[in-house]
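All chains are identified by letter, namely A, B and C, in their written order; residue positions are counted from 1 within each chain.
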Amino acid sequence: MTLVTLGTIEQALAYSSILSFLAIGISLLYKTTKVPNFAHASFATAGAYSVYSISTILGLNPYIALIVAFSSVVLMAVLLFIVLEPLRRRKASTQMLMIATLAYDILMYGVLNVFADTIQALFKIPSRTVTLMRFDFTIAGLRGVLVVSLILLSLSAIILYLILNRTYIGICLRASMENQALAESIGINTRVTLLISWIIAGGLAGLGGGILTIWTQIDPSIGMLLIPSMFCASILGGLEEIYGAIIGGFLLGFVEIIGIEVLARSVGTWVTPYRPAIPLIILFTTLLLCPKGLVGPLREAIRKSWRRG
Amino acid sequence: MFELFMTFVIDLLAFFLIYLILNIGLNIELGYTGITNFGTVFWFSAGGFTVGALATRLGAWLLNIDTSGMDFIDDNMAIVTKINGVLKGEPLQGLMLLILMILIAGVIGAFLGVLMSIPTVRLRADYLGIAFLASGEILNVIGVAYRPLVGGPPGVAVPDVWAWAGEWRFPVATFTIFIFAVIFLAYAEYLVRTPLGRSLRAVRDNEFAAQAYGKDIARFRLIAMVIGSTLISISGALYVLYSQAANPSFFRFHWTFLPWLMILLGGIGNNIGVLIGTFIYNTIYKLIVFYKFALMGILPFDVVWLNYILLGTLILLILIYRPQGLLPEKPPKIRLERGGRSS
Amino acid sequence: MLEVESLNSGYGKLHILQDVCLKCEKGEIVALLGPNGAGKSTFFNSIMGLADVFSGSVRLDGEELVGLSTHKIARKGVGYAMQLQGVFADLTTEENLKASAKMAGINYEEVLPEILDYFPDLRRFLKRKALTLSGGERQMLTLSISLIRSPKVLLLDEPTAGLSPLYSTKIIRAIAQINKSRGLSIVLAEQNVRKALEIAHRVYLLVSGRIIFEGTPSDLSSREDLMKLYLGGESK
């Protein structure tokens, strides 16, 4: 008996890669600023709506519109960076910064809804519960968006790794993330490196959000709906582990989609509406049992066994 | 015309008072003890769900109403109508039901407060914020998914404990809530001046004395959470009782963020500030809703989104330009400084 | 050279340093002594812009440093070896040094031999992650990170703190050597009074945020009252 269909695996892979795009940004920002960025919800939504509006209004292929998604969310992220600067300079506490990102998220939620309403009125196009699935192509029986998102994710991860480890700016970034005072003391302008972190995080979130539009239906609340999963993926990997976010993303993505599918088949479809509880429960448990996530401790365990063996 | 105005005012007052009770609870956790509870909607929902799930059942049982062959969810409207019919002539029973509901909601809230105080000791401020936010969402999921609780997506109706007041129902209901609010406000003001209040403040400011009594920090956080949670839960119960209906999902926006804004506006830690902040925001909100129809023709978007933009901008402005709120001078003053870590 | 005048600084509402004055001339080793909590680290943080300066001035070769951002101050030629967390734990020793050299526009390969001259032990753990280094090794690395940038003045915050006598001696000796061969101005905060007095040209005593003594090492040694009260009584 096949518990899982190919279609479900496709779903899981696509969902996981979208989560990963978003979770990397959250982890990167947390590692740099020590603040969980709750505005990531709006980043995702903005990416989704950028692709949707550009594609629908200008008639562009949605995959090309991804570039716009990348840029527009970068702008949104940079704006948030600017808003947070006075707080950061004042050495405001983590709580205050968290509240600030929450407030920015609410603000942008309103703006995105206004955007949706406005384009609907101005261009006479639907703007809620919409999708661009029909523009997708298929490769070897698989949905194009799945292939593209996996390729983009891999490319992004590789490029990010190369930037962080082989370039001058990347080393400055890593140094600032690790020890801000020392980085400044050797002449690194950590304000600039901070800005770059926001740009990278925003861009990746934009890509994730853009892919979302092609993969499924979107709505101005899509970001808010996904935020528990985004954070859960990030925390599973470890809030300070950039690449761990990808592991967390796939872990959670598979549990959410395949896990629920398996459960529904075995105990009944009544479990399906409980799906949103999965990331919440996992998030909670992880925070209580191993708040640093799975990747860090795993790495330590491997290192220890290496040394022993 | 006057009647319309009075209805508006009384409704505004009821919401103001419900928020006030919630905010007093949050203030005890945040302002007095420094616990950044980003999940107040969790306890609000708990109180609301308590009433939604129990009020009808208990009401039927109390009033000896025959519900054989009826289902509390499927025949919800019918049962509630029956109950209200009886309650019209039974003020004492109505009040008893009210008190009972408040008590149960309070106890459940307190219990959940104990539960959630465990993470407050073990987690750092940032992780704790995430944990609190997550907790708020869990009840929403259950509320929507588990139909027997509050009827799934459509929600359920709830008996009118003020049915006996007839056409004075709303003013009487508001007045009842007013009494609760006064009691809680008085208690909160009293609490500040007690040794317990000072201990809570010591925990908040991470004072050396508090740290020396390491074990007690956990205890004080627990106490603050219990008191705060009870109040927040009660506010949720009152909201549902007032609205005569229970939603399966209470929104983070209304019952976590708005309370935070109101407290930030007035100045964390100080109850008069909480009062003022709550008042200012509620008035603005109700005015926006009221004038929504006037603005509807002019703007291409729904005016309700302005609410979010306004809220977000306001909080950001406060944080950047006046983090201490409108009334900073009253002790105990909160300084959300570095060092909000749990021990 | 480095001139600190009437410095009042601290963190937020905490006022730690009161009217502190200190001068370090070219080629001098100035020792900043004082009991725990006196404010020595705050002093260095204030110069580097890592603490809040309420009033006063800090001038390097006549140029005002107060108000500049830390990285600018570093680029103007102030090197800072912190007491704690003075290394990038996740990088190897070599990467630490390379990063520092690169930021200062210095060719790593060219200056490495000189650094190894002062701290030959470094050769042993060049390829190891800083995280894995012992206390003494880490301090050597911390010092080298600042040194490799060829600063005009070096601020050393308790370089021998918590180290074995062996490492303490190595480090103090290296500091003296660096000063002599390069003519590098050094401000040295130390708990190890004896060693500090051995190599310093002048000494300041900081107690509870105030400078209560300024003079030569021998001047300080002869002040038995101060030695006993604040410096653990050691005079030789």
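Side notes on the structure shown:
As a working rule, contacts are C-beta pairs under 8 Å (C-beta built on N, C-alpha and C of every residue); 3 or more make two chains touch, one makes a residue touch a chain.
Not measured: the values here are computed from a predicted model.
Among the other chains, B has the CA centre that is most remote from the centre of chain C. For the criterion of most C-beta pairs in contact, the winning chain pair is A-B. Chain centres defined as mean CA positions place A nearest to the mean of all protein CA atoms. The geometric centre of chain A is 32 Å away from that of chain B, both derived from CA atoms. The mean-CA centres of chain A and chain C are about 43 angstrom from one another, to the nearest whole unit. Computed from the mean C-alpha positions, the centre of chain B lies at a distance of 55 Å from the centre of chain C. Touching of two or more other chains is recorded for residues 12 of chain C. Of all residues in chain B, those that touch two or more other chains are 337. Under the contact definition stated at the top, the residues of chain A that touch 2 or more other chains are 91.
Taken in their complex, chain A has these residues touching chain C: 91, 168, 171-172, 174-175, 178-179, 181-191. Only residues 30, 34-36, 38, 83, 86-87, 91-96, 98-100, 102-111, 113-114, 117-118, 121-122, 228, 231, 235, 239, 273-274, 276-277, 280-281, 283-284, 287-288, 291 of chain A touch chain B when the two sit together in their complex.
Those residues of chain C that touch chain A in the complex are listed here as 12, 48-50, 69-71, 74-75, 79-80, 82, 85-91, 99-100, 102-104, 145-146, 149. Those residues of chain B that touch chain A in the shared complex are 36, 38, 118-119, 122-127, 129-131, 133-135, 137-138, 141-142, 144-145, 253, 257, 260, 264, 300-302, 305-313, 315-316, 319-320, 323, 336-340.
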